[in-house]
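Each remark here refers to the structure printed beneath this line.
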Amino acid sequence: MKLQEYQSKILFTMYNIPVPNGRIAESIGEVKQISEELGGRVVIKAQVLSGGRGKAGGVRIAKTIDEAEEYANQILGKEIYGMPVRKVLVDEMISIDKEIYLSIANDRNSQKPILMASSFGGMDIEEVSRSNPEKIVKRVIDPLLGLRDYQLRDVAINIDLDRDYWQDFSTIIHQLWKVYVDCDATLVEVNPLVITSEKKLTALDAKVVLDDNAMFRHPNLNDLRDKDAVPPSETQGRKIGVSFIKMEGNIGCLVNGAGLAMATMDIIKELGGEAANFLDIGGGANAKKVEESLRLILSDEKVKAILINVFGGITRCDEVAKGILSAFKEIQTNIPIVVRLVGTNDKEGLRLLQDTELIPAGSLLEAATIAVGKAGEGKA
Amino acid sequence: MKLQEYQSKILFTMYNIPVPNGRIAESIGEVKQISEELGGRVVIKAQVLSGGRGKAGGVRIAKTIDEAEEYANQILGKEIYGMPVRKVLVDEMISIDKEIYLSIANDRNSQKPILMASSFGGMDIEEVSRSNPEKIVKRVIDPLLGLRDYQLRDVAINIDLDRDYWQDFSTIIHQLWKVYVDCDATLVEVNPLVITSEKKLTALDAKVVLDDNAMFRHPNLNDLRDKDAVPPSETQGRKIGVSFIKMEGNIGCLVNGAGLAMATMDIIKELGGEAANFLDIGGGANAKKVEESLRLILSDEKVKAILINVFGGITRCDEVAKGILSAFKEIQTNIPIVVRLVGTNDKEGLRLLQDTELIPAGSLLEAATIAVGKAGEGKA
Amino acid sequence: MSILVNKDTRLLVQGITGNEGLFHTEQMLSYKTNIVAGVTPGKGGDWVLNGKIPVFDSVQSAVDVTGANASVIFVPARFVGDAIFEAVDAEIPLVVCITEGAPIQDMMRVKQYLSSRSTRLIGPNCPGLLTPGEAKVGIIPGNIAFSGNIGVISRSGTLTYEVLYALNQNGMGVSTCVGIGGDPVKGMNFVDCLELFEADARTDAVVMIGEIGGNDEEIAANYISANMTKPVVAFIAGISAPPGKRMGHAGALIEGNSGTAQSKIQALQSIGVKIARYPEEIPGLITV
Amino acid sequence: MSILVNKDTRLLVQGITGNEGLFHTEQMLSYKTNIVAGVTPGKGGDWVLNGKIPVFDSVQSAVDVTGANASVIFVPARFVGDAIFEAVDAEIPLVVCITEGAPIQDMMRVKQYLSSRSTRLIGPNCPGLLTPGEAKVGIIPGNIAFSGNIGVISRSGTLTYEVLYALNQNGMGVSTCVGIGGDPVKGMNFVDCLELFEADARTDAVVMIGEIGGNDEEIAANYISANMTKPVVAFIAGISAPPGKRMGHAGALIEGNSGTAQSKIQALQSIGVKIARYPEEIPGLITV
């Protein structure tokens, strides 16, 4: 679960990590009022969960209250990477001497938390990582021992930070670590952490991602989930208990298991088609879930064919077939639907589908070939 | 640093460990008032740091307010194992179904914390440990991982606790563990933890010992140090920066180093004498510390001879001798004083003492023999 | 022979009285897996499945009484960390965690703890193991594979079953199938299993089923190149997946270009591993 | 030969710019110990003792530049845990902590961490090591011992020096003297050192100086009985000490009757170890 910047900023404040003065605004009037309070020179930042917000025009610096109003007008209601901007953060303008990159993240390689820092912070940090990887200091943290004091110093030393800032920098890392542990974060990132012209360290951006699996430990944080931040279809998927991701193609997919779903989409691509979605229906395939999933797929008007691919293991294929048939009693559609069943009793399952509108298929290659063909016809 | 029972009880309350209602009293009037508040049936418990308080008459059960007053009168101002009773805890009377023993302590063998529990709690727990050691359940705790949930259950299972109490019992152990970690305790002990006749778990006694070395992390807890609880001579020793323990004999000892001090007392005993104290003066032996230490030793009127035993290592023996001589310029005493110097430049050091009242000795055997002889003369 | 589980496996089921635990215990039993005990705290002394399996309050007591030497975990996600610690501290040599949804930081602590212990962990969020004809530990459907000389290692669930089924249909038997699970922090990985299959006299070839994310497949490629004498066939799912939503800049700084299906396929192909385009193509690529 | 430290020791001093650190660095240097670096965070780049020793900000940087293979710690007690972790993580094989007063729970965490690492820890609250004529690591006065064939292990400070001096006066030289310190939670114990002395070609006999508390001496007695071919002489301080103020009932439950000087002496005597009644008696009991 990704937090919006303004939410992360509140979390940082609770942990005494210095951030600029500022507040969230949902209207131009609010932007104006906050700008007045902050003395006119402000930064207006779109609150969206996608990266590259700055490059998409979602961050503007206003020198006057009038400018603030003007930029707020441009940003509020705009879309950034398909997501509507409903809120902007209005922060005081900070004059910057130096930009530092700082984060704690889950590292899959070491299977431990990793602390990363660089004195080349800012928007180009990924470029620095490619061209001068030695400029990114990385330190793995022992999850049982936690972040040791010497590691804090070690990072300060190795990013060539001026000694005057060691103490404050160490304190900020230490507090970030507490955020990471206390909130079951998978990422806490500050980019940039700046040295201001008044020689103070301040977190100018704040990115926090929480572990969805651990939200049972943090009911309060769960309330921060921003329902506007994901496409409605994904929210709908969550509601009916399936994993759904919208894609660009025209072949709807309904598969049990994430790996098998990906493999299904892969073969569609291999054959020159393109999937309209990823949909993992999970264990079994009961009639109700199949029905709700099909409605979700059909709500995308681009869809020209549907491929249902189910492995019958402990649930036998003949039972799965019955579930699918029962779901289709509730749904009327002219779109061709290919059903491929594999596993225990697959032949019996396919036989049950033979006298229906559904197109049965025995192999994945066969099923995908039919679906790609049908989708092509629909297009023509 | 040992906490008094009432202090430990306050700590337990802060950690939601159930304890009986009750308060501390320093006068008979207060005892009376608290007894009234609690409805008359109370337990009056002397607040002293020595064990075996119950057997010494320091714990009395009063059935009426008058009895409470009478017992308070008997206990307050009384001495228990040499320590005056200045405070009593007045607790509501609890009717007991079962007594459980429960503690978390530092275990020298495993070099880890150890959790111990027994369903044979109460005053005879040490006897149980000798006669039925299998009735004491012991579980070592990984100091990096902390107490695991399954260990809580495991202990409940293994002391044959009724299932109805598992949840509450586990919670209490978990909270005790928090006290242990948060406060840098070396011991948290509840004996007995009782099941009341109302089927509730309650900590009827509370014993907490904190690590003196860690008190810098707990300035607030340090304020709980009870200056009345240790003999004044030991407090004085702490004040002048030496380690001092009063003993029963008549030969005062002043030694640098705890091991050497013990070895000095041992040989005195071997020769039929007895040390009046343990005194480790620490590193070096500057004139001021020697002087203050001698005054502390001489404040014990039983002392008939003094043995100074100093190893001169990095500080040479001739310098140590000068320090001792300079200290004796400030002190007048008729008590014979044997000085044994060993180590670097020991012969030069002893030579400096030759024309003084001090009795120089080259070997520990010689020095102890002289001191034991002189103390015997003084006795005769 | 086989790896990790076989006829001598004496299996314990942690969370045996839950819905999932009970259902799959029955499935494993009907496969003739030697299940010796179950654990559910507070239900010690009960018997489940018509008195076939005794339930204990703790793993240690179950081990003491029954000599269990492997454990399969079906407890709810929030209790997974504790259940693994309990099994590890009881010195059970093999722990298989089926439960999905365990908090990642819990698993990091488990993993760090395991680094100085000898217990092997499979999972969490995995289908478990199947040594056809001998033992089924987890939820892999038992009837879709028969005993043979192909080792299977997979990060996926139903995709694994699909591959087992394809082998079955082509008359190819399996020595052991290991579903290692897809979680970012997990117990055994590809290399750990490849090592065991390389040493297993009954296994003549290995099928590896990977997917996007992480770099386990890339590391496996290095291992195969340096250490494997037996042929390996691989399938990597996710070639059509859009570039992942990376987490902040940190994701890019940690992973660089690894983690994509292309990167994995290239790493494996470059050292001579045959790559199937779809699961049903796998049997034809195996040459033993 | 000798154990743990010798001419090849390349010593690092953690906390070199503090009073104690600087004083004893000078003492160790004048004993010709090969001190290659010091560490004090925030003072990296300085040089101390007239430009003889470079100071670094971190242990890792000191190790990288100077190849230090041992560290001696003089930092204040509250920083001891962190200093040891830093040295261990820099993979220094030997860490000697002189500082006294470290919080016990800090040391428990250190000890647990060390159990899966190869670093050896001596101390805390110990006088350190002396291999006469080769290296002095810590605060044992260098001039009271000369090189020879007696190994010395001690839980005490000045009492150790007294024993070294007595050996010296009797013309007996020392291979290595190890002051393991008296803290309840510490690094190497008697058995660890006995093992090294037993294997050391230059050591022909061992002197063991114990004291009341704990049961290290009892465990050492078991070890000696089972494994030592070289003669051991022991002195145990504290026979005249009053029964210790036990901590609650827990102390009694954990320790039973062990921990007294009598218990230790009896354990050692029963397996043939000669016990000195006072330190000066030790040299006469050594037969090599």
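Order of writing sets the chain letters: A, B, C and D. Residues in each chain are counted from 1.
Throughout what follows, contacts are C-beta pairs under 8 Å (C-beta built on N, C-alpha and C of every residue); 3 or more make two chains touch, one makes a residue touch a chain.
Remember, it's a predicted structure, so these values are computed and weren't measured experimentally.
**Q** Steps needed, at minimum, to get from chain C to chain D via touching chains?
**A** Tracing touching chains, the least step count from chain C to chain D comes to 1.
**Q** So which chain is the furthest away from chain A, centre to centre on CA atoms?
**A** B
**Q** Go ahead and note the Å separation of the Cα centroids belonging to chain B and chain D.
**A** Chain centroid spacing, chain B to chain D, equals 27 Å.
**Q** In angstrom, rounded to a whole number, how far apart do the mean CA points of chain B and chain C lie?
**A** So the centroids are 55 Å from each other.
**Q** Considering chain A alone, which of its residues make contact with at least two other chains?
**A** Answer for chain A, listing residues that touch two or more other chains: 142, 144-145.
**Q** For chain D, give me the residues that contact two or more of the other chains.
**A** 109, 113
**Q** Quick one: in the complex, what on chain C touches chain B?
**A** Answer in residue numbers: 41-42, 44, 57-61, 79, 82-83, 85-86, 89, 109, 113.
**Q** Contact residues on chain A for chain D in the complex?
**A** Within the complex, chain A contacts chain D at residues 142, 145, 148-150, 153-154, 157, 163, 166.
**Q** Please output the residues of chain D touching chain B within their complex, sorted ascending.
**A** 27, 77-78, 101-106, 108-109, 111-113, 139-141, 143-144, 154-162, 165, 182, 184-185, 209, 211-215, 235, 237-242, 246-256, 261, 277-280
**Q** Taking the touch rule as given, give the residues of chain B at its contact with chain A in the complex, in rising order.
**A** 144-145
**Q** If you look only at chain C, which of its residues touch chain D in the complex?
**A** 115-116
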